[in-house]
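For reference, chains read A, B, C and D in written order, and residue numbers begin at 1 within each chain.
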Amino acid sequence: MKYLSKPFRVDYSDTDQMGFMHHSNYLRFFEKARISWLRDLGISYKKMEADGIVMPVVSSSLIHIKPSFFDDLLVIQIQLSQIPKASLDFNYIVYNQNKELICKGTTRLAFLNSKTQKPVRCPSFLYNLFGE
Amino acid sequence: MKYLSKPFRVDYSDTDQMGFMHHSNYLRFFEKARISWLRDLGISYKKMEADGIVMPVVSSSLIHIKPSFFDDLLVIQIQLSQIPKASLDFNYIVYNQNKELICKGTTRLAFLNSKTQKPVRCPSFLYNLFGE
Amino acid sequence: MKYLSKPFRVDYSDTDQMGFMHHSNYLRFFEKARISWLRDLGISYKKMEADGIVMPVVSSSLIHIKPSFFDDLLVIQIQLSQIPKASLDFNYIVYNQNKELICKGTTRLAFLNSKTQKPVRCPSFLYNLFGE
Amino acid sequence: MKYLSKPFRVDYSDTDQMGFMHHSNYLRFFEKARISWLRDLGISYKKMEADGIVMPVVSSSLIHIKPSFFDDLLVIQIQLSQIPKASLDFNYIVYNQNKELICKGTTRLAFLNSKTQKPVRCPSFLYNLFGE
């Protein structure tokens, strides 16, 4: 399963004095993109948290091919990299408005009960969406 | 009552492409400074929240005199601007490592019950510290 | 002159452990909104910088009426508060998706020559847009 | 070669509504730590940039073992993972004030001429420090 995000703007506050988007912000952009995807699939991450499940990032990786700049419009292609069980694994590919490849990355999210902070299995509504 | 913070470093990620610390970060530095002050006075803001009181910022103001730069060490002088009642009001003056005046500001914090989100009065341990 | 921004999403990374958008982010949202306004008026702030003029924020103020939350969509109404001369002065009013008033604020921007860091007058193309 | 950073405080603004430090901030903490290490070795990253060399992060990875929380004091152990040539490669291990393992990570930094944005070799003063 794949998703192409709408374009996300690189804000002035995302830049650093090198004139590039600060590298830590790509993890924020990945998060924007995957929450958008879930929203488009009818899943509110906000409601999931309210219902007692949080999904912390437990690992991630990033490869930067080109810098991105203030005012760029970044489009993020996300793909599920395996059937969700104890974790939800995504791949990301980031392009700018000129279709240049900017960055690739991965994240692994765990499922935790927000009260006990203990791991739980992938909720069935997510498994049913992604699990086939 | 007054407090002079320890020096806080301007990190690379605090800069923007103008080469200055991004202006939004001064509010973060004010927050670091006032939480340090409370800590030095024996008050854990973390424990206050655990005990059910949150202190959101309800207003603030900033005047920027000079920019600050990556690697600068900013010292913040805080002063209580009035006896705490429904709010806790601070003034801030920020200096860099060359004792240049960088920024002045104010914040007003309210006291809320973290469950009901309703305003509450200044807790007595804070009033006793600051209220005379 | 007035402008109503498109809705800006409150991202997960904008929240703090109080469950609100961290107050420092409103200054970032103001910046997004005014750069959008300029863009809609045909002015690229990016190009202005490339042409040698930077516009640092020299003062600002914020009044928070209600908190905003993860996933909220904030719309910002901006107004020029006086004819631009040595500075560009804006007022901001922030509403959420339920048309609730969230926050009000002001910013003053100066015009600097990016090489000399000296103040310059409002560029004529901005004065012509805003100055009548 | 190894370095143990001084403790870095988790600020309120570093948290998210899960109550944890937002995962994107670990990359900022890694940056704080490696710039501190260079500083302790007598190398100003600020001066390197002024002298025309920038060091963008070209790849990174993170594994989160435990969350960190507001007010935590994080100590970061850094190690050079190979002799610097076209890149500078570090490993990071993050501990909290209770000596719990929080996070592990890696970053690869490239050397660029800041004017041409072209890759350059590791400057000799860095190679001499790290290269034996």
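What we mean here is this: a residue touches a chain if its C-beta (ideal position, glycine included) is under 8 Å from a C-beta of that chain, and two chains touch if they have at least 3 such contacts.
Because the structure is a prediction, the values reported are computed rather than measured.
Visitor: For the pairs B-D and B-C, output the one whose chains share more C-beta pairs in contact.
Guide: B-C
Visitor: Please flag the chain sitting at the greatest distance from chain C, going by CA centroids.
Guide: Max centre-to-centre separation from chain C belongs to D.
Visitor: Taking each chain's centre as its mean C-alpha position, how far apart are chain B and chain D in Å?
Guide: 27
Visitor: Express in whole angstrom the distance between the two chain centres, defined as the mean CA positions of chain B and chain C.
Guide: Chain centres of chain B and chain C, defined by C-alpha means, are spaced 23 Å apart.
Visitor: Scan chain D for residues touching two or more other chains and write them down.
Guide: 12-13, 17-18, 24, 28, 31, 70
Visitor: Using the touch rule from the top, collect the residues of chain A that touch chain C in their complex.
Guide: Residues in contact with chain C: 9, 11-13, 28, 31-32, 35, 44-46, 69-71.
Visitor: For the complex, which residues does chain B have touching chain A?
Guide: The contact residues of chain B facing chain A are 12-13, 15-19, 22, 24, 70.
Visitor: Given the complex with chain C, which residues does chain B contribute to the contact?
Guide: It comes out as residues 17-18, 20, 23-25, 27-28, 31, 49, 54, 56-64, 67, 114.
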